[in-house]
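Below: one structure in structure tokens.
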Amino acid sequence: MNSDDILKILKQVEDGKLASHAAVERLKHLPFEDIGFAKVDHHRALRQGYAEVVFGKGKTPQQVAEIVRAMVRHKDARQNILVTRADAKTFAAVKRVRRDAKFHPLSGVITIERSKEITGKGTILVVSAGTSDIPVAEEALLTARMMGNRAEQLYDVGVAGIHRLLEHRGMLTDARVIVCTAGMEGALPSVVGGLVAVPVIAVPTSTGYGASLGGVAALLGMLNSCASNVTVVNIDNGFGAACVASCINRL
Amino acid sequence: MNSDDILKILKQVEDGKLASHAAVERLKHLPFEDIGFAKVDHHRALRQGYAEVVFGKGKTPQQVAEIVRAMVRHKDARQNILVTRADAKTFAAVKRVRRDAKFHPLSGVITIERSKEITGKGTILVVSAGTSDIPVAEEALLTARMMGNRAEQLYDVGVAGIHRLLEHRGMLTDARVIVCTAGMEGALPSVVGGLVAVPVIAVPTSTGYGASLGGVAALLGMLNSCASNVTVVNIDNGFGAACVASCINRL
Amino acid sequence: MNSDDILKILKQVEDGKLASHAAVERLKHLPFEDIGFAKVDHHRALRQGYAEVVFGKGKTPQQVAEIVRAMVRHKDARQNILVTRADAKTFAAVKRVRRDAKFHPLSGVITIERSKEITGKGTILVVSAGTSDIPVAEEALLTARMMGNRAEQLYDVGVAGIHRLLEHRGMLTDARVIVCTAGMEGALPSVVGGLVAVPVIAVPTSTGYGASLGGVAALLGMLNSCASNVTVVNIDNGFGAACVASCINRL
Amino acid sequence: MNSDDILKILKQVEDGKLASHAAVERLKHLPFEDIGFAKVDHHRALRQGYAEVVFGKGKTPQQVAEIVRAMVRHKDARQNILVTRADAKTFAAVKRVRRDAKFHPLSGVITIERSKEITGKGTILVVSAGTSDIPVAEEALLTARMMGNRAEQLYDVGVAGIHRLLEHRGMLTDARVIVCTAGMEGALPSVVGGLVAVPVIAVPTSTGYGASLGGVAALLGMLNSCASNVTVVNIDNGFGAACVASCINRL
Amino acid sequence: MNSDDILKILKQVEDGKLASHAAVERLKHLPFEDIGFAKVDHHRALRQGYAEVVFGKGKTPQQVAEIVRAMVRHKDARQNILVTRADAKTFAAVKRVRRDAKFHPLSGVITIERSKEITGKGTILVVSAGTSDIPVAEEALLTARMMGNRAEQLYDVGVAGIHRLLEHRGMLTDARVIVCTAGMEGALPSVVGGLVAVPVIAVPTSTGYGASLGGVAALLGMLNSCASNVTVVNIDNGFGAACVASCINRL
Amino acid sequence: MNSDDILKILKQVEDGKLASHAAVERLKHLPFEDIGFAKVDHHRALRQGYAEVVFGKGKTPQQVAEIVRAMVRHKDARQNILVTRADAKTFAAVKRVRRDAKFHPLSGVITIERSKEITGKGTILVVSAGTSDIPVAEEALLTARMMGNRAEQLYDVGVAGIHRLLEHRGMLTDARVIVCTAGMEGALPSVVGGLVAVPVIAVPTSTGYGASLGGVAALLGMLNSCASNVTVVNIDNGFGAACVASCINRL
Amino acid sequence: MNSDDILKILKQVEDGKLASHAAVERLKHLPFEDIGFAKVDHHRALRQGYAEVVFGKGKTPQQVAEIVRAMVRHKDARQNILVTRADAKTFAAVKRVRRDAKFHPLSGVITIERSKEITGKGTILVVSAGTSDIPVAEEALLTARMMGNRAEQLYDVGVAGIHRLLEHRGMLTDARVIVCTAGMEGALPSVVGGLVAVPVIAVPTSTGYGASLGGVAALLGMLNSCASNVTVVNIDNGFGAACVASCINRL
Amino acid sequence: MNSDDILKILKQVEDGKLASHAAVERLKHLPFEDIGFAKVDHHRALRQGYAEVVFGKGKTPQQVAEIVRAMVRHKDARQNILVTRADAKTFAAVKRVRRDAKFHPLSGVITIERSKEITGKGTILVVSAGTSDIPVAEEALLTARMMGNRAEQLYDVGVAGIHRLLEHRGMLTDARVIVCTAGMEGALPSVVGGLVAVPVIAVPTSTGYGASLGGVAALLGMLNSCASNVTVVNIDNGFGAACVASCINRL
């Protein structure tokens, strides 16, 4: 609803094609749909991610299924659908709504693929420091793909064995955007950032124990990164990192 | 020094054009220069930011001036030079090295402009929530410009007077990347992120008192942003935000 | 027991109508009832909320039921009864004491309605940012109603889709007091506060993960709100927010 | 700018009294004034506080004086002007703009009284726990008065000498709203809240040392208050507490 | 093993009554017993608490039972035995070792009473703010009694209903030492401390939610108490508070 | 003002010796004196510490001097006077009020000795871990003495040289109460507590740097002490520790 | 892969014994093995610990078993294998891969002994403060042994009974490296460090409750140790402590 | 004072060569010297560091000078003397005691060299990430040298330019112990640790701003290091790191 739209409505009123009260009504028909407990924002998909997304955590299986139902109701919509932080129960409920839904148990992601169009210009590379970071990395990978990007993975290349990372410098330099997940000391994005000239989206993971403070240590490490092409998203937020990466990759 | 370079050196050795001990030497001549207390990394400018940068805080005026001297020694180098977190004393020392250095007291930035080339594809918009955030916003603005970007500003549009922001939606939608600085509750990036489809780099500022905890409240707010195109850099890190924005804007 | 009451007792003693030792006794018959492990304060209902309230968390079903029994024992008492943070087991125990008790599973609230009198002067509007905040919002809504207020709801109007909120400005401006629940970055109260001239009681929720730190991020955000009509209660304290709102609405 | 205003503008367009491009212009003439580094929001005074306010901290004396100059430029404006967190230098700059400005050094408040109208319905009582809390209490007191309220003070009635507080129960019960400042353990609002039926706005102060953590201990104490009519604002935010109290007192 | 003991051993050596190597041996026979995974310190009971104590948390039922077995092996020992933080399983294991063990499920304390001697000079009063604090209060009460003290209880006298506490000032002034448990804002010890002249041992409890931070809010509140006769022990440490109270009560 | 006093006043009313309105007046003449910005509580001295105390921090020299003047006005009062956290300027102001005031610059304490009576039954021993803890230890020592106790010192006996402490076990065992100050890891009270059977009041000091977090590390260490006769006061609160110790020593 | 190795490869190329593309290949055959979700680094065992290690937490039993299978595939490898943070399920999976695997349920360690060679020069002593620290201590003990060291244990010698520790000074002075585990206040390493001249590796444990903050109190205590031969590893990281100790013991 | 010493004294008593009271006296003549406010522990130098050390922070110049005077009083003592955290004033006071004292202003260290003996077996390498870490690195370097070690430096090799570090792998592999200082994200020790087989002592520095939280981010990063040969000391504790390194280097 940018200012052009407003001008257009005003024009119609000016030209006598639209009554003022009708204009007020029209402003109300904003592109979101109210299903009682949630307002499904179909336009957000158009505006931001070329996919419709449900954050599964804290919602009942029924709530998730209802939201998905509202999403698939629009027959002509071709956006992919992504449910994050879901479990087997939620998947069962979603599958009843849509048969071709797929569940990725490692990351708890449900995907419904309705389009295979690639809209991202380059490759998004998802790098992870250790095997325990893989769930978050996979959430990022699936999100990036559902949002219309080519996405590759490079796992288990933590900084304490720097040769493992340097071995794959080719993959790093081939990427247009890098998502870098790491727990514990969260040092990987700094090293990766120093090796490339493209943006690095750092995702701290809650991997670790004790002084990792549930991922806060990694988060702080990344925020203090001495590489100047690194930005940070919330702990375990693989989805968010891929959103930003996708948003950059479409530029 | 990518694998092609290594292959090239190896080739020369294989062809008998380079002795093995000389090859080892060459590997040592990496593109940074050792001036005793610091290693000036000329290549970083080439790789990452089209500008050479000195972080002034915690360095003596003399140290900063020495680093700048090493940077300007390369006559044919055309990168702009940026000193952040500097004060009047440091500026005096830098000015002795280079006459055309300029000081921006609000943000503590010193700039030496050696090139006016625009390498960024679109406009970087720097948005700030309140007047107290302006020093950080200015650091971002100057950094973006010194790195070869068109950069605009939109100040004092905090969320408690949402009409001030909505009034300027045109500027928001015209930007290719947005840097958004805010202190206190750090809510601005979420609102801005919801209004645009481009990446938003959020910079928490240490503006505020009491429960703002020196910017930690704003930082946490931004990390938890419900807008999915928002990433975050360190508190008061206007420089870093502009680096990432610039890096994205060259894609 | 204000100073008038004390003067009255002293008067009676002075007039020889009350023996001094009896006066001491009378002072002891303060309006609370000791049921062993708890002192039921019947007067608090009169003084503060027009409802008797039990905080269910950390009490056994039997303890809750006993307290409710003491509350309903006073036949002529007409205050509504509210049990917060209860579960199905506690509800079962309470239902044995009082047949007409109702359970609201989403928020874990038990209500026993003994009066439908409206004592609040205007409408309390309960606003929530996301679907995950609804349990807290519902606790506030039910509390406000049981305390004799007209209360309305406006859900899922988070700041990343600001048009959803602006669409309902009418509801906002019609309210006499607003309770505003939000998790994650907790930015909603600032925006709402900037749109209205009435008090906004902000309730951070523990919605979120990672850097939301169990609601602390939202709490800090709200405490740093740049809107000057916002005050804050504890994380997830929908009950407390409605108490204050009700207390204001009776002024 | 509520929906009535928009309807009115639309009506004028419909009636041919206003061209559509002029309507767009009018929407742009929102009631704030851009003075370069700040947007003076004259309407906020009308909407929220019956006073125009400048937060002095982090602004130079010149910036504060400029903002005050913009405020007093509107000859017919009768709102009082309040500058908080100011010092003697800022006062000197403001005094040059407006002769009748007054400085309150204990709290760092500057006041310019342009109206003596009382718009609040009852009395706002400002209570403080210790002598060290007085600066914050005075900021609240002056703010309340400049916003058109009768305001009284009750100082040095901390909970470790509970008889001092109980002695003044009359003042407590006479108030329509109470602002309660306390540092250290922040227990006073709970006790005060239990003694009255009106809203209590709690202000933690940074009084104390060691485990007071700059007021965080008092803040946490107040957020956990067992009195259900207590809400909380930021540490040392006497101004904000009085704003809310004033906003309630006009209901 | 004070210096007198050492002198005595030295004397015996000097007088030829003890060989030097035997003296070394004797020094080794310190009054603790090694049962493999733990060193039972029988003397600590003598020195500090007139009771033998096992901290049950983090020990298996078998480990606790073994330690109790070592304690009861000394037939002539008459100290009471106390196991804290135990559950039904641990109790079952202890009961097999000693039939007359008693379990107090509210506080998770197991007691084995072997002596009814009262060695404390006055009464220890255990005060609690709310019903949720009772488990901790009961741990303190039982500990105080098992350590040979008269101990009384005063429960549910939180500061938001200050009249409930003032009603029982007699109990407060009759006590020689007071243990005061409170969660949430932890304000009770300050009020109690202001009403009496004896030491008050404050025990924060983990009662509460959100900003209570698992008892940290109450802990900080108590550490900042403005009453000068208040000291603090760890969160939920009813046992420790009673130990100190008992230690004071024997002076 | 215990219940006996109230009964006495009631009796007088009953016997017609006191009019009811006069009784109300009398209740108002509580033993504190209002000097405008502070209420001097003469009774607290009687009730709790046998000394009148002013906390100097956050008060101007003039305020401190005024409070001291109110204290010394009562000619027949014989309590010692103690000002803590004072500096040379405050001392100068106090000296003008009372010639025999003494300043102890290491701890910032001002003492006015009006009585040499010893009311404590035993010796209070003040132990400190390192030389940096001495200011806090001295504050405790002077407070203990001004409150009528014999007090001794044992300094620089930190746990990393355990022989230094063990060498002085005699002093430890001779004390009736021990105040133990330590910064850094705060381990001394645990070791001392294990060596004696009397109460140990632990005072964390803000000595240290980095991870000492301004004394929080020592505070946490002491709260987790494995010695069961240890309680804790606020960081650097030597005064409070001595108050409690004195309060115990008079039992 | 030190510089000698690189020189050797370069030499072979120079001598025509190795083609340049083959040299690149060789550099790629770094001594780690890619098994899909993890890169098994066989050389790390050679370089650092004379044992191959799997961190079990956050890996499925199948993942652990697969990694172990890759480790045992190399028939001629003689390093011991260690799985930490495992449970019975993981052990069952590992046992299927290798019959002679042993499970240590107290510490959750699985060991596969393939070599009994002692490569450490002296004895590593593992000291623990309380019985609750034993799981962490045992993890350290087993790790030290599997890495080829003589390792002894000294348990339950916490500082509140200092005589228990002093009794065993012989064991302390006989050790070449000491690993010291302690929870609660974490004071033991300071005392131990003061008694010996060898390095002390301190391991905070998550033993405790309330203000122990999950081991953070102990961690901070150890970081602030006043003994200068103490270093610290992460909370509960018995494995890491033993690694460092082993690494020192081989010097 | 090990057990042999005690046995020797006991022997002398047994043989009648030493009276028991004299034996007690002798035990009192422990090898530390009491100079009133501090106990100079000459033996610690012998036991632990081959240098006598004064921690200058929090001590007056006079106190430092007095302690140094006590140290140099022993003519035959040949240990080097080190004062850390000193400033020019303290140096002036020390220089009056001892002419050949040297001041190192960058790190605030004073050295008095009385011995050039090298007792460490290998080289201690001090590595620093950035130029701002140099003060801490220099403190470590000087400490290591004064304690009789060969010590080298490798500065400005932070992980964002990993080639700078890899360039100097020779220095890393030549060291027997490595001290590694880094601020910001504190990632350097993990990378260094992965490259070598010797112990790495990590020193977080307070370099940085915002989310570096005064070095806590670096500290947490290092504690969570994924390299298993890394241990950690307190923030900015270059001295402590060198002590441990020296202690290891003498093994």
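So that you can tell them apart, the chains are marked A, B, C, D, E, F, G and H in the order they are listed, and the count of residues begins at 1 in each.
Heads up, the rule we're going with is that a contact is a pair of C-beta atoms (placed from the backbone, for glycine too) under 8 Å apart; a residue touches a chain by one contact, two chains touch by 3 or more.
Note that the structure is a prediction, hence the values are computed from the model and not measured.
Which chains are in contact with both subunit E and subunit H?
Under the touch definition, subunit E and subunit H have F, G as mutual neighbours.
Please indicate which chain is farthest from subunit C, where distance is taken between mean Cα coordinates of the chains.
Following the centroid criterion, the farthest chain would be H.
What chain lies farthest away from subunit G once each centre is taken as the mean of the Cα atoms?
For subunit G, the chain whose C-alpha mean is farthest off is D.
Equivalent interface to A-C, which of G-H, D-E or D-F, with over half of contact pairs matching by residue number?
Within G-H, D-E or D-F, the interface duplicating A-C belongs to D-F.
If you fit subunit C onto subunit G using only Cα atoms, how far does it have to rotate, to the nearest 5°?
180
Taking each chain's centre as its mean C-alpha position, how far apart are subunit A and subunit H in Å?
Chain centroid spacing, subunit A to subunit H, equals 49 Å.
Distance between subunit A and subunit F based on Cα centroids, please, to the nearest Å.
About 59 Å, centre to centre.
How many angstrom lie between the centres of subunit A and subunit E, each centre taken as the mean Cα position?
53
Of all residues in subunit D, which are in touch with two or more distinct other chains?
3, 161, 210-212, 216, 219, 223-224, 228, 234-235
So in the complex, the part of subunit H that touches subunit A is made up of which residues?
My answer: residues 129-130, 158-162, 166, 183-187, 190-191, 193-195, 208, 210-213, 216-218, 220-228.
Please give the residue numbers of subunit B that touch subunit H in the complex, ascending.
Interface residues on the subunit B side: 1, 27-28, 30, 32, 37-39, 41, 44, 57-59, 63, 204, 206, 214-216, 219, 234-237.
Note which residues of subunit H are touching subunit B in the complex, please.
Against subunit B, the touching part of subunit H is residues 131-132, 134, 155-157, 161, 163-164, 167, 207, 209-212.
Quick check: in the complex, which residue numbers of subunit H touch subunit G?
For subunit H paired with subunit G, touching residues are 2-3, 47-49, 53, 121-122, 169-170, 173, 176-177, 197-199, 201, 219, 223-224, 228-235, 239-241, 243-244, 247-248, 251.
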